[in-house]
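Several structures are given next for inspection.
You will see two complexes here that share chain A, one where it goes with chain B and one where it goes with chain C.
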Partner chain A sequence: MTSIPILREREGQIYQKGREPFKMSCGKHSLAGSVSQRACVFCGSRVVLYPIADALHLIHGPIGCAAYTWDIRGALSSGPTLHRYSFSTDLREKDVIFGGEKKLYSALCQLIDAHQPKAAFVYSTCIVGIIGDDVEAVCKKVAKEKGIPVLPVHSEGFKGTKKDGYQAACDALFKLVGEGPTEAVSPCSINILGEFNIGGEAWMIRDYYKRMGVEVVSVMTGDGRVDDVRRSHGAALNVVQCSGAMTFLAEMMKERFGTPYIRVSYFGLEDQSKALYDVAAHFSDHPEIMAKTREIVREEISAVYPELQRIKPDLEGKRAAIYVGGAFKAFSLIKALRYLGMDVVLAGSQTGNEADYEMLRDMCDDGTVILDDANPLELSKYIIEKKADLFIGGVKERPIAFKMGIGFCDHNHERKIPLAGYEGMLNFAREVHATVTSPVWKFAPKAVIS
Partner chain B sequence: MLLRHTTTEIKERKALTVNPAKTCQPIGAMYASLGIHGCLPHSHGSQGCYAYHRSALTRHYKEPVLAATSAFTEGASVFGGQANLLQAIDNMFTVYNPDVIAVHTTCLSETIGDDIPQIVNKARAEGKVPEGKYVIHTNTPSYVGSHVDGFANMTRSMVDYFSESTGHKEKTINLIPGYVEPCDMEEIRRIAGELGIRTIMFPDTSKVLNGPMTGKYRMYPEGGVTTDALKKTGDSMGTVAMGALASGPAARALDAKCKVPCEIIDLPIGLHATDMLIDTLRQVAGVNVPESLTFERGQMVDIISDMHQYFYGKRVGLVGDPDQVLALTKFLVSLDMCPAYIITGTPAGKKYEKALREVTKDVPGEVKIKVPGDMLLFHQWIKQEPVDLLIGNTYVKYIARDEDIPFIRHGFPILDRVGHSYFPTVGYRGGMRLLEKILDALLDRKDRDSTDIEFELVM
Partner chain C sequence: MFSEEKTEEYTATKNACKLCTPLGASLVFKGIQGAVPLLHGSQGCSTYIRRYLISHFKEPIDIACSNFAEDTAIFGGGANLRIALENILLQYAPEMVGIATTCLSETIGDDVPMFIREFKEMHRGEEMPPLVHISTPSYQGTHMQGFHGAVRATVEALATDQGADDRKANDQKANEKTRVNLFPGMLSPEDLRHLREILTDFGLGFTLLPDYSETLDGPLWTEYQRIPAGGTTVDAIGRTGSAAGSLEFGRVLAAEKNTAGKFLEKEFGVKCHSLGLPIGIGETDRFFKTLEFITGMPTPPRYAEARGRLTDALVDGHKYVSRVKAAVFGEEDLVVGIVSFLSEIGVIPVLCASGGRSGHMVGKIAEIIPDYENKGIRILEDADFVDIEAAAEEVKPDLFIGNSKGYTSARRLNAPLIRIGFPVHDRINGGRLLHVGYAGAQRLFDRIANTVIGKRQDDSSWGYTYM
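Take a look at the complex of A and B:
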């Protein structure tokens, strides 16, 4: 194995537990010249708002930004599928010189006439920020003329990281909240925030709460509908998935409407059960909810338990490397992998903050490498050093793992099956098992770097 | 019905692209750069674009795709990206040690007007570019052209930066393969090899983006044209460039710079276009066509004659990159098929459209062509009158499903299948593979749709 140099400027973003005093320098902008795995503001807002299926999503910018985000996340809809189209103003040179406002106006009008959406989101990409189109004014004008909310999403890529995109998306959503009728909403009701219905996850989670006797007013934004968002302030509690993407919205709703919120994770048996119990505890005036919850948890766990037990012995002692977007996902993954008997030898995130990394440090065993904003070389270096058997990451990490002859599990864009909930845990265990124990790894030598 | 919002009625749209049949310049430049050995593509702009470009290429090739970014912040967007690029060049050579850094711009850096050559010169003056290493660049504003132009621009930059003429002509031929798959590049090289010709191919992504699983992670895989070879292109006796849009600019630049005469021909897809390639190579290099190639040709003709009745009169809808679409259209016409709807998202120009019209002038019925067009229009045409077969990239699968039409994946991107980077569609062998795909699609459909009475063992 050859050694890999690490950029001096990056030394503060790599930490091996137990070796040195912990001080992760995170929240930094990626270094120029790095092969960062991170994305942009626009990417953040696009993934949050994308699943709202009866809204128009118009991307104001040159074609690329729209083309690359065209249906890349399988956020399923039980009804309309307008979100699966790719609409772009496709700015050309002339627009860049003379401005794109006219084009935006005409595109919006045409689309609203053709599709009669419930609302429209207009994403500004980098170049719009530079040429200085007054997107806000165009949106206002169209909203007035067409009688639907037309919401600018300020997502110019260079203005920050993906996390800032979450904020921009929440700002846009917040303009809808409070606009709809709430008379019919039950006192035992919640909104589910930060759940995007990849592979139908939102349907499963929604169903758990319903069976507990809790009304789900809206899921933001999985299988989302504009009208649900508009009346979401009628819910008694916001339940925020720990990804962090929608905590901003929960905060704003707390401030304006007094809606309290709790943070949960739907990943792994332990966290999923806690997510249900915490909601039940919130409605303690209705003890029947807690009783029902206990029943559901028992039922659901016993349904998946036997097969999980059968899978576990094969995974006992295998080593996993995790590199995901938000740090919160890493917490749940570590717990779930431990449940399966596996060791986590590397844990990294693209956008963790100091508190996240301290939490990670507390959770991890000695020797685990903790990374912020890593690049492929660093990732492969530690995969080899730590002899990982499994890599959990996103699109760009998949072929790296496979080239090095270890298993891979996508926990980001490209998953086809639900990993949330009880069933999801079983799916996860099956997937990890399938990839780690695949016979194909017998045909390839183990990883070395050249 | 995934595309249930698509209407049959077509309205003129000027300000709006729906379901694009193209993407932006930098990804094409990134793909071309990966065809230089030891090259690290560098995206000068903010990191979002580049993350998308890497992801899209990764999804299509299912291979690690490395590139670096200038990681613009708001500051860089206001004051220019010089500081970022200088630091980036320094960091890249220090940590990733490439032979070449190939810089392309994004919309953002284009619009603020960074002068890349000036910045690179500064980097060199400051000693940030090690001895024997190169930094090349191309401009790829995405609000002009498409990914095809990005590919063409980066390929032309290889000539601008590397090609030299020593005044001494070599017996080599330059091959510019166009925006095709790594396996296509390999196949074109093989054909030239059969003719006994020494070649330099650029860009060359074979063995880079279709590499083997070895248990090793290589930052710079084995393949790619070397910088030495690129320099020598100026001494070659001729250039054969395939695909006017993707390869024409580089071929002409090389002629202008080093007086290497060029022949610009179609992508060698189908019988006639492959004949053209071989005939052109034969003439430029002054060689004879070996029996081995004549044999392959004969096999291809044999398949067509065996099965010609199934091609006859079938209406086809075709979407893709201009060079690909033109060659495919010619191929389909030669099979007695009827390309009915033809769309390319790339603004390829009037001359290109005229060429398409010329090829399809004898096709019975109305042939609808839109350059540039998008997939919504394509779908609307199909809703008005269906076709028997669809050919296009993965996104066409929505239309194929909704309208229940047999579909062959071809072009970029293909996100949901493998094979495209391993099995060529150029040359006679590639043509046979295409024939097989077309026949499979049509005959599977016939099997599926025929009644018990019509269902037959032999076809």
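Take a look at the complex of A and C:
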């Protein structure tokens, strides 16, 4: 049982709370041959920019990168849906030999003519970095000819981790910021950063802020529009969700435009409420905002509270494992699961930093396994050892949970239902309840733990 | 008309109807017992391919990666490949490692065969599983080239003629089981199970390569299986050089010079029978005839009975499907197989499309429907879903037959989609779809006929309950 060996080089990335000293080795490149759950730089850029619905997204490289990211995300748009296409220069052998610039130029021109986007993002994949296409020059030329911003995204897969992809995406977005008019922007206004409108989450959150009396200038990038990004420097405050993805942009905007930022999370009643109160507190010279916020929080919680109370007894004492992309989400999930009466026995992330892991350590109970950049063998080992009843992760983690005969909740970008906000917490509780209390587990053979 | 080549005035590929070569290779390696696929390149490739395959098979799919970093891309991937292999041997204790390159390692010119030789040299004296390498730059061909290439590379690396003499001697012995090779192409686990059943019922010994019928469609586990049970054994692949014959499915594949079956014929004199995918009655008949020829025994009665029930069902349902117009898309050989079946039941495949670009699909469809042009049938090679949808708007199919990626087009054109092939990302039965044999034709026919009937019923003003 659980005879799975842990690779020696990975020992510093696995920690059980209570076994000091705690020094998580993180932020490292994934170990070759370890079957990491991580993706690449390109993936990071694609995640962040994907929801901008009126922009053209062209992936410059052979077909794979585009095919695997075609319409896989649940990011909804209230208008244009150009983001749901997957455009690729689909490089062939002779392009690799002679260069792909001509093809890129031709593809960009034709796509822009056909779809009239507000801007175009051109993603460089691994091979483009190697063959040395001058993507910048092509973008500049097309931008001039077509009169729209054409932004290169330096997302060669091998040039770091997913986090570097977030940075590349933020660099590209930042070129738009400051380009639009801001005269009409209210002094009580914010941008929402790091919210991607999965299943319509951005709409719910926008609505809360609107009801508080706070104008949302742009959501970056959920239900995103190029013109909104261009005027986003007019907002008084940046509200950043998710530790990894868009803090880079918030930092850049702070430096260039002096826009302050706060970090929030929209998952779970506690964090969602705090996300509203923190914004209200920022606009303390408008006390009516805080008053309205209190009202909204009361109203929203009362709406979901009775059903949450009915769900909780069934989940009391059940054990959960969490493995997500960014560590910030794990914090919220731990709180949300505790609210439901559940214990967290494993918490890990693909991209956490030292501060994130220290925070996790502080939040977790003794014995909780904390993992950085894990793989299926490690995840399954601890799920069994810690007798988890539920696993929260993404598509790649789902079969690990199901094969081991435990429940699963998808908390990644592929899901189609909103899990953020108050309504989202109810969806989350319902989903966790549905999977953990399903009668199917009685057919699953159980491991005997010695 | 109608092979519509892309012109010089280049436009982008929009919503590809194909995937990259390493995906096909990874799938083959998942069908070999004890094998771990290793992609030599960036982390993203293995993660994206895992994710894509998981969404179809709904099974854990561990694919390792040599995790290039920026310095690797500059100085070469030798060290990374070594570390990756060492970690895989340690963590997975594999019986084989299938190494497929990505466009990155190919372009920087990594000499993977040399890296493998060096690795073996470093570990001289230690027990070492076979390390099979295939070159799969994603800018050459599609996932099907990766798939067939990996089958061929594995056979080339492992097949021996050991036992060929025994075979000749054994041919004299009446009690010796005849052993054949079957290279089925990219089918579903359910298809592979059905093929195994057929070969077993013929009393044949066989090497089915690849065979992911158990590794990618298995039961629940009590502990994580580092490598799921099942698959073609390395030993069995070794014996492919001494088999009584090879069967290789795919009319488009048959047009290729270099296949696993042809390699065995050339190197070891193992006769290669190239057949179409046995989809529909005609192609299945040909498959059974070949088995009869090889074994010298008649088709077991249960298959004759299944064929009988199938033909009876075709008669019962023929009026509902007669002259129904279908758009068929997916891998070239699958399209050709489905076209062959549709032409048997009276459905007109008004649009036949593939992202594949072997250049053989039009000719193969013309073999089945020589007057396809007169029938107004459009054939698109190297097509994407924007091309397919544009053509569909013109030919107005009544239904779509293909993978899940055609859903948005089918939805926009208000025609039902019958999901077959790969990937099936929006239903739970991707691994359990049966396409081949009389049983496969039966299920396909029932689905097509009932889909047409259901649509008419839903569209009717009075929602009839009796036909």
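Methods note: the second predicted complex is superposed on the first by the 444 of 450 C-alpha atoms of A that agree within 3 Å, B and C clash if a C-alpha of one lies under 4 Å from a C-alpha of the other, contacts with A are read in each partner's own complex, and residues count from 1 in each chain.
Definition applied: contacts are C-beta pairs under 8 Å (C-beta built on N, C-alpha and C of every residue); 3 or more make two chains touch, one makes a residue touch a chain.
Note that this is a predicted model, so its numbers are computed, not measured.
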Combined model on chain A where chain B meets chain C, clash or fit: clash
Touched partner set for A:32, first chain B, second chain C, both or neither: both
Touched partner set for A:62, first chain B, second chain C, both or neither: both
Which superposed partner A:126 touches (first chain B, second chain C, both, neither): both
Chain B versus chain C as contact partner of A:82, first or second or both or neither: first
Contacts of A:376 with chain B and chain C, given as first, second, both or neither: both
Touched partner set for A:110, first chain B, second chain C, both or neither: both
Where chain A meets both chain C and chain B, residue numbers: 5, 7, 9, 29-43, 61-71, 84-93, 95-96, 102-103, 106-107, 110-111, 126-127, 129-131, 157-160, 376-377, 380, 395-396, 398-400, 402-405, 444-448
Interface residues, chain C side, partner chain A - complex: 9-16, 18-20, 22-23, 38, 41-52, 54-55, 58-70, 72-73, 80-81, 83-88, 90-91, 102-104, 107-108, 137-140, 142, 220-226, 386, 405, 408
Touching residues on chain A, where the partner in the complex is chain B: 5-7, 9, 29-43, 61-72, 80-82, 84-93, 95-96, 102-104, 106-107, 110-111, 114-115, 125-127, 129-131, 157-160, 376-377, 380, 395-396, 398-400, 402-405, 444-450
For the chain B and chain A complex, residues of the former touching the latter: 1-5, 7, 11, 13-20, 22-27, 42, 45-49, 51-56, 58-59, 61-74, 76-77, 83-85, 87-92, 94-96, 106-108, 111-112, 141-144, 146, 211, 213-219, 345, 376, 395, 398
Partner chain C, residues of chain A touching it in the complex: 1-2, 4-5, 7, 9, 29-43, 58, 61-71, 84-93, 95-96, 102-103, 106-107, 110-111, 126-127, 129-131, 157-160, 375-377, 380-381, 384, 395-396, 398-400, 402-405, 443-448
